[in-house]
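Chain lettering (A, B, C, D, E and F) follows the sequence in which the chains are written, and residue indices restart at 1 in each chain.
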Amino acid sequence: MLLHILNRSPLSSLVYRQAIATMGTEDRLLLIEDGVQGALPTLVRHFEALEGRLFALREDLVARGLAGKCDASVQVVDVDGFVELTEEAERTVSWY
Amino acid sequence: MLLHILNRSPLSSLVYRQAIATMGTEDRLLLIEDGVQGALPTLVRHFEALEGRLFALREDLVARGLAGKCDASVQVVDVDGFVELTEEAERTVSWY
Amino acid sequence: MTDVPPYHGDLLVILRHGPHGSSLLREGLDAALVAAAFGRDVSLLFMGEGISALVRDQQVGPLGQKGTAATLQMLEMYDIDRLLVDGEGLAGLGLAPRDLMLPVEVLDSSAMAVQPKVHRLVLTF
Amino acid sequence: MTDVPPYHGDLLVILRHGPHGSSLLREGLDAALVAAAFGRDVSLLFMGEGISALVRDQQVGPLGQKGTAATLQMLEMYDIDRLLVDGEGLAGLGLAPRDLMLPVEVLDSSAMAVQPKVHRLVLTF
Amino acid sequence: MRYAILLLGGPYSAQAAHSALRFARAVLARGHRLEGVFFYHDGVQNAARLMAPPQDEPHLVDGWVGLNAEQGVPLMVCIAAALRRGLMDEREATRHGKQGHSVEAPFELTGLGQLVDLGLGCDRLVTFGP
Amino acid sequence: MRYAILLLGGPYSAQAAHSALRFARAVLARGHRLEGVFFYHDGVQNAARLMAPPQDEPHLVDGWVGLNAEQGVPLMVCIAAALRRGLMDEREATRHGKQGHSVEAPFELTGLGQLVDLGLGCDRLVTFGP
């Protein structure tokens, strides 16, 4: 299992499609920085292929005032959980 | 008439939609830098609303090996033509 | 369509980036504030991710980065009261004007296409 | 699906940016060349705009910028011969393998999803 | 006409500086005046005096300095954007109690007010984004 | 586990440096080793010794230097990417016949081979993009 990390919003960048294209069926995706916008209910559909494997970084949601606005399908983790995700994954792949 | 300038490819960035959304019916769009990729026949459809008002910078096409690959609907100008387009426009708006 | 409408202002600053992720939002706001402080008539147009700058309850970043919420609160003091928001972009974020920290004017697509024309200078951030 | 396939190489460098527009393509290629020079087994995966790096007849930029075509010609000398291209991206550019300056292996979507798994390290540029 | 350029892209990372320099030359070649180049956002990095690209590549600082020397084009660097990115002239270094400097003439550190004046005072401002 | 960080984003322009610093602290807090931070692309700008952000904002150079001082984390800056962007230490300045320098210890200019060794020699490399 690999951890993919995405820091761009699907509202302006199409790089999320490249991330998804290289993901195996067990790989996880963590949204960080501007990428956390993808956790909003109107944008999360871009990640529907990842049901149950989509994460978002709490600190970046909080800083943007989006902490209470995430779709229920997204698992929110703090930076400690971010490190934990990297421990559990064989390696990480970053998309920006 | 305004000149809008776009330096990103529709293959990776959605900023072209913002450019088009703010363009008046006489405004022109010039593709420069990575933006010239939008002049390829498979990508030019993103700009179909601009029929006759879409330009691409020759030097940036040439540097990328794309000079002979543009769609026929795109008007190719060199950097002198770029300046001329700015002369003819009331002002310019850049998108990146 | 060929008539040039009367100017709405000196400067239109288009804000397309969200807070924290890049410095462009802050740099665009700084340019707007300085122009206003110099007596220029400034309009702000929030598009795409830039609209998220107006979401309520923003915080400092995890290292104490200030963000832009405090700067936005200063706009009124600088007499910047023409805050324009792309209606389509607002809907794309699933937000309504009541979700925003400041009163805004929501623009439809025909109003969007007029904005660069009715300002003497347009800066995009 | 849970079996880890055998490694295809030490390093996968994913190239997503075109020549001239940013330095990322060149910086990714430089990392690949150095790794190969140090005896590592390197694969390159061209995606999206990165595929345009392989288009024939590229030139220096208008100020004499070198671009990356000359670097790509050196790959063989460094024993980097696993050049992978996203088939969907290639079609998106309206290109076929014969339009490219080097022989490549075109990947379908299932082959794409395997690449990060079969290399010990993945760098994205 | 009176032109001005706003440059937001860093040297070598983005094509913006190359594009702006090329555009500046073309503007002057067509007989226009270039009232100034304003460096903002990552564009401020174009003023880094210790820039040392490989010899077979364009040297951007030399390009800007040449534009200033031959045509008197002012090179204005946003001071707030510069300081946080490690770019300061001798005067700012003294003020901050630091040894050395990373920006020197003909680049001048200045405020955003200059950008506003430049943009509204000329006929055409062209922005080159990162 | 042995971790390493690859940082590609410039200071203040992108959030990458803030994210990387925060991640580094969390890695260490969980008892892991951080074998090094490699600065490449715009990330090299994080080594600019004259960085002077406003006092009420995080000072990134101080953050990196603290990481090195407290935990001995090596701060490796790609020399090729640095030189073209105006970042050089005293040794490179002498070699290029320039006065002054823009990078100093604990940041060390080094080659891309170090990135490869770091990435393949540790258990986890995490990239923070621009």
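Quick note on the criterion: a residue touches a chain if its C-beta (ideal position, glycine included) is under 8 Å from a C-beta of that chain, and two chains touch if they have at least 3 such contacts.
Here's who's who by UniProt: A, B = Sulfurtransferase complex subunit TusB; C, D = Sulfurtransferase complex subunit TusC; E, F = Sulfurtransferase complex subunit TusD.
For clarity, every value in this text was computed on a predicted model and none was experimentally measured.
Touching chain A and chain D at once are the following chains: B, F. Path length between chain C and chain F in the chain contact graph, taken as the least number of steps between touching chains: 1.
Chain centres here are means of the Cα atoms, and by that rule the chain farthest away from chain E is A. The highest number of C-beta contact pairs joins the chains E-F. For the pair chain B and chain E, the distance between C-alpha centroids works out to 25 Å.
The distance from the centre of chain A to the centre of chain C, with each centre set as the mean of the Cα atoms, comes to 27 Å.
One finds 37 Å separating the Cα centroids of chain A and chain E. Contacts with at least two other chains are made by residues 7, 11-12, 14-15, 33-34, 59, 79, 91-92, 94-96 of chain A. Shared interface positions of chain C, defined as residues touching 2 or more other chains, are 16, 20-23, 48, 61-62, 65, 120-121, 124. Of all residues in chain E, those touching 2 or more other chains are 12-13, 15, 22, 41, 57, 125, 127, 129, listed in ascending order. Chain pairs recorded as touching, per the definition above, are A-B, A-C, A-D, A-F, B-C, B-D, B-E, C-E, C-F, D-E, D-F, E-F.
Taken in their complex, chain B has these residues touching chain C: 2, 4, 14-15, 18, 21-27, 90-96. Residue ranges of chain D in contact with chain A, taken from their complex: 1-2, 4, 14, 16, 45, 47-48, 86, 88, 109, 112-117, 120-122, 124. Remark: chain F residues 6, 40-41, 80-81, 111-113, 115-117, 119-120, 125, 127, 129 touch chain D in the complex. Residues 10-11, 23-24, 27, 30-31, 34-35, 37-38, 40, 120-121, 123-124 of chain D are the ones touching chain F in the complex. Those residues of chain A that touch chain C in the shared complex are 7, 9, 11-12, 33-34, 37, 40-43, 59-60, 62-67, 69, 79.
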